[in-house]
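The next part holds the structures, each set out as structure tokens.
Both of the next two complexes hold subunit A, though its partner changes from subunit B to subunit C.
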Partner chain A sequence: MKFYLRLFTINLKSQMQYKMSFWMTSLGQFVTAFTSFFSIQFIFMQVDAVDQFTYGQVLLCFSVIMMAFSIGEALGGGLASFSYIVNSGNFDRMLIRPRNIIMQIIIPHMDLTRIGLLVQGIIVICLAIPLSGISWNIGKAILLIAMIICGTILFFCLFLIKATVSFFTIESLDFLNIFTYGARQFGRYPLSAYGPKVLWLLTFCVPLALIQYYPLLYLTDRGSSLWYFCAPFLSLIFAFPCYLFFRIGLRSYKSAGS
Partner chain B sequence: MKVYFSLLRIRVINGLQYRAVAIGSILSRFAWGLMEILAFYALHRTNGTKFVMTFSETVSYIWMQQALFILFQVVYSDREIVTAINDGSIAYELVRPIKLYNSWFVQCMANRISPTLLNCMPVLIIAAFVVPKYRIHFPPFLNLMLFLISTILALAVVVALALLMHISMFYTTSPRGIRIIVTAMTTFFSGGIIPLPYFPEPVLKIVEILPFASMQSTPLLIYSGLVTNMEAVQGIGLQCIWLLILIATGMFLMNRTLSRVVVQGG
Partner chain C sequence: MIEFQNITKMYRVVKRQAGFGNAVKALFSREYETIHALNNVSFQVADGEIVGYIGPNGAGKSTTIKIMCGILTPDSGNCIVNGRNPWRERTAYVREIGVVFGQRSKLWWDVPIIDSFELFRDMYKIETKVYKKNLEELSTLLDLGELLKTPARNLSLGQRMRCEIAASLLHDPKVLFLDEPTIGLDAVSKIAVRKFIKKINKEHGTTVIITTHDMQDIEALTERVLLIGRGKILLDGNIEELKRRTSTEKRIDIKFVGAPPAICAGMKCQEIKQNQMRISLDPHILSVPDAIAYFAAHTGLTDISVSDISTEEMVAALYKEYDI
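So, the complex of A and B:
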């Protein structure tokens, strides 16, 4: 644990070496999130609900996804450099070290500039909590936190899948972006808005709806079933096939560099 | 002129080689388009009459936008240019008897044209055969012509702005932040996230005359059939004005920068 902490501090220090660059990039992330926020704002200046969800509730969706995405990407986004590590042969060096391989990859590549997105998410959630018209209680507060945490894990898993694919192919797969960057974009509306087929896909294949739509039903008192409350926790099951996929990828790994 | 044309041709052919990547991006463009359309369908289902743009116009707008996605990217991996600035190989470029601004201009254009050539037809074909509700419509011939002219101008405006960004990289060692900010601003103000007619009236009045609107909004709105022919011609006029301003600024800054550029290393 101490070792990982040290690795993390080194990473933090190295990113902070270029302060200007760090803050510019963070600002960039913030501006990116801001444009998404404005697109919701502009739409809601003309309508008052999407699929029966009000402005405040949509903002809640938006901020939960934004926060989960920002932390998930800060942790897992660095996995994108995985294909370079594999191609350059540095991966072999990591394999012989007596530490967890995933930790060795993610800690030095953690992208802390995602704080820009996170800050935006926090601001919007502070706006959304009173606006959403939800009668808050302890259970609902726990559920909201669970949505964010489980969402973070889910996004991390998606980035892990994307990285694992580079064991099998040297081309990066654009298509998988739809589940990462796409989810950030489309998660701003409750996922039921996209119709039952998409909702089904996002429930049983890539369980994004489990951290967004179903808990939202519980929060807004549209459904009081315990299933809705448990949904974020059920999404964690997704981590098992992801990890398995990663192990399979690891086993079929053949060194590529020197 | 001929030398720039051959440069363009070589680059386009070079870019056409990566077909596997193309299939991936076609699929993802299709999925993005579909999700966008479903989102707008949800909006129109709830409150259809409130918007200036009808649902079928929005559908055409989005499909065409996805088909021409890369064409309108200001921040796109113009790798040769970025490396040339970073590793100093720009020195070689400067020795060549061609104008650097012009050769970069055609390079940037080619970088965007070749993936678009591969992507646009499959995406459009799929878009023409999905269920009728979500199907792209084809405009009358005159609109199509205006759309083509406007698209070419839009590409030129995009590239002119991209070059301004590249020139700024002579002055900074950390282009990442700038690239992210430019991506966010251009995407938003050019109607990349939501089409400009979905903006509220007072905001739209300002955004319409900014150079960003000339980048993808103008051609896509002409295609979708939302604007009248008169408005289309006006839009094209505005594109020309912005194109001239951006090119003039770019050339001026390029000359100024190159007169004092210091190449380190050898």
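So, the complex of A and C:
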């Protein structure tokens, strides 16, 4: 633990070396995120509800995804640039250290500028909680927190998958962004809005709906099934195949010539 | 004890001809070529040995080292070092080895060396007492002193290499892998590094595997060399034996005044400069004392030296012999 803390401090120091740049990037993150917020505003100037979800409820969706994504991306920043780590051969030196590989990838590369995105998420969720018209109780509060935490893990897993693919190919993998950045965009609205086929896909393949649509049904009293309450926790199962995929990728790591 | 058993490692490399047309074609269909980086390679190294691993570029040296370090997983075969398998028990295994890649730094670029060392201390969970003792010993032997306070990026290559070697020995590894440790170093640093490796091997009984293109490294450090070419171990043996095996020829350098000497049977003139001559001698035809007597009698001889062929030449001859 001491080692990881030290590694983190080194990273923090080097990011803070350029203080101005750090705060400007964070501010930039904060401002750009407003564009998606406004797009929701504009849509609700035309309609009253999306798939029967009200303005406040959609905002709740939006902020949960935003927070989960920003924490997931801040943690998984090293995974996003992992293909660079592999292709430059820097991965070799992680492998000769007696420590967990994933921790070694993420800790020195955490992208703390995502705090801009997170702050926006927090502001929006503060607006949305009273606006959503949900009758809050302790169970629902726990569920909301679970949505954010499990969502963070889900986004982290998606970044992990993208990183793992760079073991197999050195090609550009931008199309995989559909699952990471794309998921953030989709997730702004309740996923049922995209039709049953997409909902099925986002339940059983990439379990985004488990941290968004189903718990939202429970929160808004559209369904009281225990399944809906447990959905975010079930999404954690997704982490196992992801980790397995990473282990398999590790075996076919080719290193760079020297 | 290192056991490398029947290891095979293949790479698939995309084959593409030059030119724009072929580049476009490659977008749709690819031809792959399979390269046997290692083809059923086996060898053993006993504890406390220093082994030189030589071969031309692309022969499979780095692949072997990387497999032994747990970086690469071979396609087939098994490797046991200190009773462990490098890729199956990676974390437990790498705790007991030290690795130096001459071409790649393991120090943190922006922080003083001592900070990097402290990170290694936490990373390997080295006890404070052991760490202090090792740090002191290493900084005396490698003359680190002031360097410890300097960030890695401000060090010269030779200084940094000394720090790299120290960093890989902080945790008392049983086996030390050195991949071209003297590349790019000046003469003084090279000698210092060689001396140090020898000392560590002697005093701590550390097993050392070294790959290099610098034959002086091999000569100074190792008794046993492994020659690898096209993914196979071609030779495994003592360096003096190899020399004798490759060539029994002697080399004679003479300096003289006046006319150059005539050459007799068994000699071959290799180079002639003003007042200097290099001759290769086949001792089966003319013995060395006879040759010296011959020159003494027929030339205004001022200086003479007799030597075996150099390791460099021997290796070049071996590469040629095996066509690698």
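Keep this in mind: the second predicted complex is superposed on the first by the 257 of 258 C-alpha atoms of A that agree within 3 Å, B and C clash if a C-alpha of one lies under 4 Å from a C-alpha of the other, contacts with A are read in each partner's own complex, and residues count from 1 in each chain.
The rule we apply is simple: a residue touches a chain if its C-beta (ideal position, glycine included) is under 8 Å from a C-beta of that chain, and two chains touch if they have at least 3 such contacts.
Model, not experiment: these values are computed from the prediction.
Enquirer: Judging by the criteria at the top, classify the pair subunit B and subunit C on subunit A as clash or fit.
Expert: fit
Enquirer: If you stack the two complexes on chain A, which partner ends up touching A:G182: first (subunit B), second (subunit C), both, or neither?
Expert: Only subunit B is touched by A:G182; subunit C is not.
Enquirer: Examine A:D48 and indicate which partner it touches, taking first as subunit B and second as subunit C; both and neither are also allowed.
Expert: A:D48: touches subunit B, not subunit C.
Enquirer: On the A-aligned overlay, A:K254 touches which partner chain: subunit B = first, subunit C = second, or both, or neither?
Expert: So A:K254 only meets subunit C here.
Enquirer: Using the touch criterion from the header, give the chain among subunit B and subunit C with more contacted residues in subunit A.
Expert: Greater contact footprint in residues on subunit A: B.
Enquirer: Regarding the shared-chain residue A:R6, is it in contact with subunit B (first), subunit C (second), both, or neither?
Expert: Touch partner of A:R6: subunit C, not subunit B.
Enquirer: Considering only C-alpha centres, what angle arises at subunit A between the directions to subunit B and subunit C, nearest 10 degrees?
Expert: For this superposed arrangement the angle is about 90 degrees.
Enquirer: On the combined arrangement from the superposition, state the nearest Cα-Cα distance between subunit B and subunit C in Å.
Expert: 5
Enquirer: Give the list of subunit B residues in touch with subunit A in this complex.
Expert: 20-21, 24-25, 27-28, 31-32, 35, 38-39, 41-43, 45-47, 50-51, 173-174, 176-181, 183-185, 187-188, 193-194, 198-200, 203
Enquirer: What residues of subunit A sit close enough to touch subunit C in their complex?
Expert: Its residues touching subunit C are 2-3, 6-7, 10, 14, 89, 92-93, 95-100, 250-255, 257-258.
Enquirer: Looking at the complex, which residues from subunit A come into contact with subunit B?
Expert: Spelled out, the residues of subunit A in touch with subunit B are 18, 20-21, 23-29, 31-32, 34-36, 38-39, 42-43, 45-52, 171, 173-175, 177-178, 182, 185-186, 189, 193-195, 198.
Enquirer: Going by the contact rule at the top, pick out the subunit C residues touching subunit A in the complex.
Expert: Listed in rising order, the residues are 11, 62, 66, 69-73, 87, 90-92, 94-95, 97, 99, 101, 103-104, 106, 108, 110-111, 115, 118-119, 122-124, 179.
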